[in-house]
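The block underneath contains the structure these notes are about, expressed in structure tokens.
To keep things simple, chains are lettered A, B and C as they appear, and every chain counts its residues starting from 1.
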């Protein structure tokens, strides 16, 4: 049984179709990257998966349980799916450790002490041990994103969704974050990642979902997708990103 | 409530004259306070340290003391040293000092929004201090300060209600006289509340108009 | 002359306690009610929001003095009797709550939406996010505005004298009636208020700076 299964998902906003007929699966420990031009519905798809948006049609299964069914405990679903934002979304009044510890205390009923221990462990794992007492404003963008990833890991999610985690960062910092995410790949964590970074995609994923105009145009390995030339749109997209 | 309005109808001319005095006082202190605020800002941005210190002390003192204490000082205090003022004059002076201080503060935060490079550029081009103030600092800080100045104008309208505590004629003193004849205190003050609400709504509309007319394109 | 002025000051300072009591109590009412209004505004639908904003605008448009008169002289006539101190605190507290609501709402709207989303994505409820993510930051961001509101309440506190509460200005009135030396008495009253104003703002700003968190600019 797949960890995540999406069946004929559709999303409409004020009558405008954002996503239509999206179907794919993700196995345990598998990593897929979602690519495609801006406005193609990539972020909306991720947001549907942890129910930040309500899909208009279709079904999503997590571990065989339909999470789009009416009466689903939305918050318990979200607790199992981590989400990493482009803009980090760190709580600015808390230092790195407490940013990570807040949700485990509030949602997993850990004691403050246990949660802080866990936070320390996660920071250490991402090479941020010495920054635990710094506030978001005192960290670089790359460090902030690492804290955001640690915050997600501390909830021990079954799946992590990344929404352009490196787009807000300078190339140098983006590389630092990519390496961290790649390390999670080696740790066998299931991930879905929206990105524009072709190298990053090649480094870490098994399959790329190419999304344009709200539907999946192709689902192939990076090499196959870069090399293909049946589809004009995909070919053009990679021509531009690959550069001259 | 029917009886209340019947009684009120009989006193219509007095009501109108009360409203008129309230408006006269509000408008005149808004204007005098604006002039005062500009003068204070001139002092606050002046090269003379003494002048700046004086202006700072002025602003702090009149922002830091309650209006009512100031009005009492003007109306009940001054006569004891032989400087008796009629109620309207006492109110006018007291309010003007208070509004001047607040407006100076709004203008100064407008002044801080002006890019320092502009002032340096003007100096480099050989403008005099006064020219820089009149043609650069004042017009820009006035525009930046419009939201603060207009909300101060609305406050002025509400604040004039306390002038009646020093026997000054106005809307609230009319209500006070009126209700003390017929003892319809609750209805009277409720009516006063709605009267002020109506005046504030009208003034807000005017303020919005002024704000949209004085907006500098590209500056918020 | 100087001695006399000090005598006046010490006589008036009897009223300081009541002035501070009125100000602090009204501020407490305003903070509690303002926060409740903010939460209500967060949870309300579009119509509820409109009704809420409308009534807040209404309260802000009426002079505090009119409210105090209505409560002091109007309410007893329709059978409601409240002690003067409570009346004044309720009126000034209601007015403060409207302004505090606006200050807090401005701060809440200035928070980046990503933080709320991050909270949701972690599985937190809207209420949990409100109390443990948004409000701690809202308090911090609005501190300068709240200190300013505190001084407004302080400066409205003399209205209490119309309800007969013996605060600084009421004491000054009594003293003037006895000594007929209005000028030094009211000057002393003004200076006492000025001292309270300067003292409290300095104290609050010092506390604010001491508990500073990087990333929250102070004005």
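Rule of thumb we're sticking to: contacts are C-beta pairs under 8 Å (C-beta built on N, C-alpha and C of every residue); 3 or more make two chains touch, one makes a residue touch a chain.
Because the structure is predicted, anything quoted here is derived from the model rather than measured.
Peer 1: Which chains lie in contact with each of chain B and chain C?
Peer 2: Neighbours common to chain B and chain C are absent.
Peer 1: With chain centres set to the mean of the C-alpha atoms, which chain is at the far end from chain B?
Peer 2: Farthest by centroid: A.
Peer 1: Rounded to the nearest whole Å, what is the centre-to-centre distance of chain B and chain C, using the mean of the C-alpha atoms as each centre?
Peer 2: From the centre of chain B to the centre of chain C is 21 Å.
Peer 1: What is the distance, in whole Å, between the centres of chain A and chain C, each centre taken as the mean of its C-alpha atoms?
Peer 2: 46
Peer 1: Need the CA-centroid distance for the pair chain A / chain B, whole Å please.
Peer 2: 55
Peer 1: Show me the residue ranges of chain C that touch chain B in the complex, using the header's touch definition.
Peer 2: 58, 61-63, 65-67, 69-70, 73-75, 77-78, 151, 154-159, 162, 168-169, 172-173, 176, 180-183, 185-187, 189-191, 193-194, 197-198
Peer 1: Would you mind writing out the residues of chain C in touch with chain A in their complex?
Peer 2: These residues of chain C touch chain A: 112, 114-115, 117-125, 128, 132-133, 136-137, 140, 213-216.
Peer 1: Of all residues in chain A, which touch chain C in the complex?
Peer 2: It is residues 50, 52, 75-79, 81-83, 85, 87-93, 102-103, 106-107, 135-138, 148, 151-152, 155 of chain A that touch chain C.
Peer 1: What residues of chain B sit close enough to touch chain C in their complex?
Peer 2: It comes out as residues 60-61, 63-70, 72-73, 76-81, 158-159, 161-162, 165, 172, 176, 179, 183, 185-190, 192-193, 196-197, 200-201.
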